[in-house]
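In order of appearance the chains are A, B, C and D, and numbering begins at 1 in each one.
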Amino acid sequence: MSSAPGKNYINEKSGLWSWLTTLDHKRIGILYMIAVMTFFAIGGTFAMLIRTELFKVGPTIMTAHQYNQVMTFHGAIMVFMVIIPGIPAFLGNFILPMQLGAKDVAFPRVNLLSWYCLIIGASIAFFSLFYNGVDTGWTFYTPYSITTQNGTILMVLGAFVIGFSSILTGLNFIVTTHKLRAPGMSFWRMPLFVWALYSTALLQVLATPVLAITLLLLSAERLLGVGIFDPKLGGDPVLFQHFFWFYSHPAVYIMILPAMGVVSELITTFSHKTIFGYKAIALSSVGIAAVSFFVWGHHMFVSGQSEIAGILFSFITMLVGVPTAIKVFNWTATLYKGSISFDSPMLFALGFLFLFTIGGVTGIILAVIGVDVHFHDTYFVVAHFHYVMVGGTLMAIMGGIYYWFPKMFGRMVNEFWARISFVLIFVGFNVTFFPQFILGAMGMPRRYFDYLPAYEPLNRISSIGAWTIGTGFLVGLAVIIHGLTKGEIAGDNPWGAKTLEWTTSSPPPHENFLVQPVVTAGPYEYR
Amino acid sequence: MAHGQHDNHEDAQHHHIIPFNIYIKVFSALMCLTILTVFAAQINFGAWNTVIAMLIASIKAGLVLSFFMHLKYDQKIYAVIFGTGLFFLLVLFFFCNLDLMTRLNVDGII
Amino acid sequence: MLSTVSTSSHFMPPQGSEVAAGVDTLYGFLLIASFISCVLVIGGLIYFAVKYRRTSPDQKTPYISHSTTLEFLWSFIPFVIFMIVFVWGWWVYMQIRTMPTDALEIAVQGQKWSWTFTYKNGRTSGSEFYVPVGQDVRLVMNSVDVIHSFYIPAFRTKQDVVPGRYSNEWFRAEKEGDYQVFCAEYCGDGHSAMMAKIHVVSREKFEDWLANDPYKGLAPAAVGQKVYAGRCIACHDTQPRSQKNTKLGPNWGGIFGSTETIEGGTAKVDENYLRESILDPNAKIVKGFPMGVMPTQAGQLSEAEISGVIEYIKSLK
Amino acid sequence: MSTVNSVAHGKHHHAHHYDSAEHQYLAAKFGTWVFLCTEILMFGGLFVGYIIYHQKFPQMFHEGSKFCDWRLGGTNTLVLIFSSLTMALSIYYAQLNQKKKSLASLYITLICGFIFLGIKYIEYTHKFHEGLFPGRFFAFDNPEEMARWKAMGINNMGMFFSFYFVMTGIHASHVIAGMGLITWLIIRTHRGDFDSDYYTPLECVGLFWHLVDLIWIYLFPLLYLIS
């Protein structure tokens, strides 16, 4: 069933039903895009509410109880529904099979099922709003989560179902990478985005099941009172934290590894130069993925785990720093003697490098156990992970959207406004989160509805920055919508990139390639 | 792995068929081991009770994996996948247990 | 250089202890190392971006695939630095976590959303406590409900307080003064109000305070005021009900003798109503306030204290 | 995976994005093994919890295990092992193109599933009857035993039954899921979908069913044989 001329995956069939039942990985990618952008808008609104509330000392626009729910929803939505599916399930779904030279992912139905898992899980989670909401924070720590209001169980079940979405996507990507590579596409010829997604998929498959069982036990805790995590019945709440972070630390890399993959693509394309140290970057993805399973205890340095465990976790955490450093240095080295053009995707990639470097070094500061005792659960941590998650992952998502937009929709975005959105997001981001490092050093704990007057000036700056980021993302949304309808028609390869997805037409036909590509060289042959 | 996908389906065009009597032998062995583990549980070996029970269970699991699940005859990658799962499970167990075993000031209130 | 950084420009709270100075020195080192690596990466990035910007559409670039030496160097050098800071951090951590043997022991109890401190002689205190300067103090902490975390920024120390077991934390204050305590583990609506103060005073002052019956010679209403400041202030204001309610619970001002609108009816605010609200807070919920937020104070307050609080509420206009 | 977008290729279909039916078979099997890996980690979390609390409260687990009848558990073990054999044989017969024997094996597997659940039902109702509920709802009413436990320092007997019900409950849900899949296989075998060239679903469901057996092989001694 190869496509007729002029037909592509978008216009091959029409009607909402054809989209909701599609098995085409590209269409499913677009479904993910819509879902993730919607969730991002909701989570972002909650973020704006948080920063507005924290604009001044004392209650501003809500009560403490409402604040805690807003904070919980912001965290849970952004983690489970935006950043985790963001790059793999949206950009990855669209790009991975094309970069491998495949016609689709290995299991198209499972792929669609995984989208429905996300939607159903998210609906269940949002439904908790009608059952008094949730105020546990996205971490669901026991015993607080056992004793608080009933909405918690819906949120927990929602996260459980979304977990399946993540597992199924990961499973699909692993099998696709192993079984559906184009002739000649050896592992060492795969683009770095594929390497990153493959490492991510390993994490999704190996870590998420433990989250599933943890959340099931938490539900059982509330419904059946099993007492496994309830100190009143002999259970150990610290064990819950072990189980939770066994998933949630690798989850941090589920969020950042694909972003690193996107950045590898962007840096090499817009430097018009082969990537520096391909193997080192590829292997460091797998290395980060593997080591990430051994470090979860650094989220628990002051939780009451044993001192010996804490020190060991601190040591292994240092080891994760090494492959991360390799990546950052190799990206910078790629720029050397390059021919760098500053199209909007590249601006986001450079922004990523800037912010991720700061996020990375502050991560090392937090990994030093003696210093972390002071910084743990303060705004320093909040600033650090926003530098990595927003400054890293969201910058990469934005860069990735602008980069692959011509391929997805056959149109270019408005370059000028895309750059404006970058400037607003980049500047706003630093204004928002840099002061939070200082707040953390000053000792302001996180998840605070109210704070001492001494913290007010920096909180004000932070809130102003947040509104700037919000504006930046609105501009970004406008750029995307404008590009969809009125953008200039793009060629097959507007950026002069070398990976396989650029060899087919834009937008690609149903089966991606009219002729099965055969690979004879590495992915970044700029000679 | 130089040829991408095409190396995937040259080596297994004809699937190995395990002879009937091997299935029956494995089944008999599993039955005997089940009876053995029940029998062993009636005798008190002290702390070794659990170890013996787990050892027998692991032998049974090995039989099921190798023959019923064809791991012995199939591509090694499947064993690698399964082993990876077990390995990371051990990681979870190791660190949780390390924490609980080395807490110096565990004075339970209840 | 380290000490300059660690005292002037890194925004940490004033150092209250020797351990804090140790933490700050390490932090200063980390800041400098971080700053240098950021300058290297970000500076290199900007330098390359400017120097090697694209000049023509068909510009060619050299094919530089890798350099084993360079890649080894920039994995090995960070590795060495990481190991140095790890060992240093370990050493600092051992100082934070090694409990002194001959210390003043104070039992700390966390409850939503207040801290109670009990000394060996039975002296208890809510939301503030006194310690002598230069004395090792060990806190033996537990929680009656959920996980809290006892965080003293000036001493750079923090420990989660887990229900079902005891946690330890120690400090030795070097300077007299008042130090802030926060709850650093999210524990619900009053989390950000769950604070306490440490008063570091001279040994004589401390002995005085310790020997003193806090309520000696006080009228019941004054006793109530002290209890209020220790336990109730996180959630209740003393302003009249007509004022805007800014805290979790209802304002206290002028409620005595009034008729309160509660869930499913009204109630007259008298001594028995107040007593019930203290001991069984969920029996009657003032309309507009959530159920199940306030924990019972039964077993937490003495009879004299309960009466004191009621008298104090009576006195509020 | 063979109805939509499929390519006619001899008797059997394979989806458009695979080169051949064999290629698709290997991918499906690969995916199944990855899925089994996730199952291992999910159940594994429970096992880790079990071992940790067993170390913490050995006597409590020891006493609790006395309520689990090894005869019923042992019978269930044998039933599941036998069903694993028949499951493996159904593939064996499909490989030999013996449809009737393959079908018979599947029916026996399904019946074994029912027997397993029946015995589980007997065990569960017995425990409910005695008030042996998990955790907070533990309502065992035997003053002598309670006094004995108290003397031994056991005050959270419910936790054993928490583990018992959660572990066997999740396992039973897998048995039910497996039985649903086997029913689907029976329907397709009746229809004549499978032969020596194409039996991918048999193989994949078979792997799942063996895993369920595998987990029970560990659950049995951990819950029934530690007293």
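Convention: contacts are C-beta pairs under 8 Å (C-beta built on N, C-alpha and C of every residue); 3 or more make two chains touch, one makes a residue touch a chain.
Note that the structure is a prediction, hence the values are computed from the model and not measured.
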Two chains sharing the most contacts, counting C-beta pairs only: A-C
Message: Of all the chains shown, whose C-alpha centre falls nearest the centre of every protein C-alpha atom combined?
response: A
Separation of chain A from chain C, taking each centre as the mean of its C-alpha atoms, in whole Å: 31
- request: Round to the nearest whole Å and give the separation of the Cα centres of chain B and chain C.
  value: 48
Field: Chain centre separation in whole Å, for chain D relative to chain A (CA means)
entry: 35
- line: Among chain B residues, those touching two or more other chains are 5-6, 8, 77, 84-85, 88, 92, 96, 100, 109-110
- line: chain A touches at least 2 other chains through residues 178-180, 206-207, 210, 231-232, 234, 236, 238-239, 243, 304, 307
Sequence positions of chain C contacting 2 or more other chains: 163-165, 167
- request: Using the touch rule from the top, collect the residues of chain A that touch chain D in their complex.
  value: 1, 23, 102-110, 167, 171-172, 174-175, 178-180, 205-210, 212-214, 216-217, 220, 224-228, 230, 233-236, 239, 243, 511
- prompt: For chain A, which residues count as touching chain B in their complex?
  reply: 101, 178-187, 206-207, 210, 231-232, 234, 236, 238-239, 242-243, 246, 293-294, 296-297, 304-309, 312-313, 519
Touch list for chain D against partner chain A, complex: 1, 4-5, 15-18, 23, 26-28, 30-31, 34-35, 37-46, 49, 52-53, 56-57, 133-137, 155-156, 158-159, 162-163, 165-166, 170
Touching residues (chain side chain A, partner chain C) in the complex: 58-59, 63-65, 68, 135, 137, 141, 143-144, 147-149, 231-232, 236-238, 271-274, 276-280, 302-304, 307, 310-311, 314-315, 318-319, 321-323, 325-326, 328-330, 332-333, 335-342, 350, 353-354, 357-358, 361-362, 364-365, 367-374, 376-378, 438, 441-443, 445-452, 526-527
Field: Partner chain B, residues of chain D touching it in the complex
entry: 19-20, 22-23, 26-27, 29-30, 33-34, 36-38, 40-41, 44-45, 47-48, 51-52, 55-56, 70, 74, 77-78, 81-82, 84-85, 87-89, 92, 95-96, 155-156, 206-207, 210-211, 213-214, 217-218, 220-222, 225-226
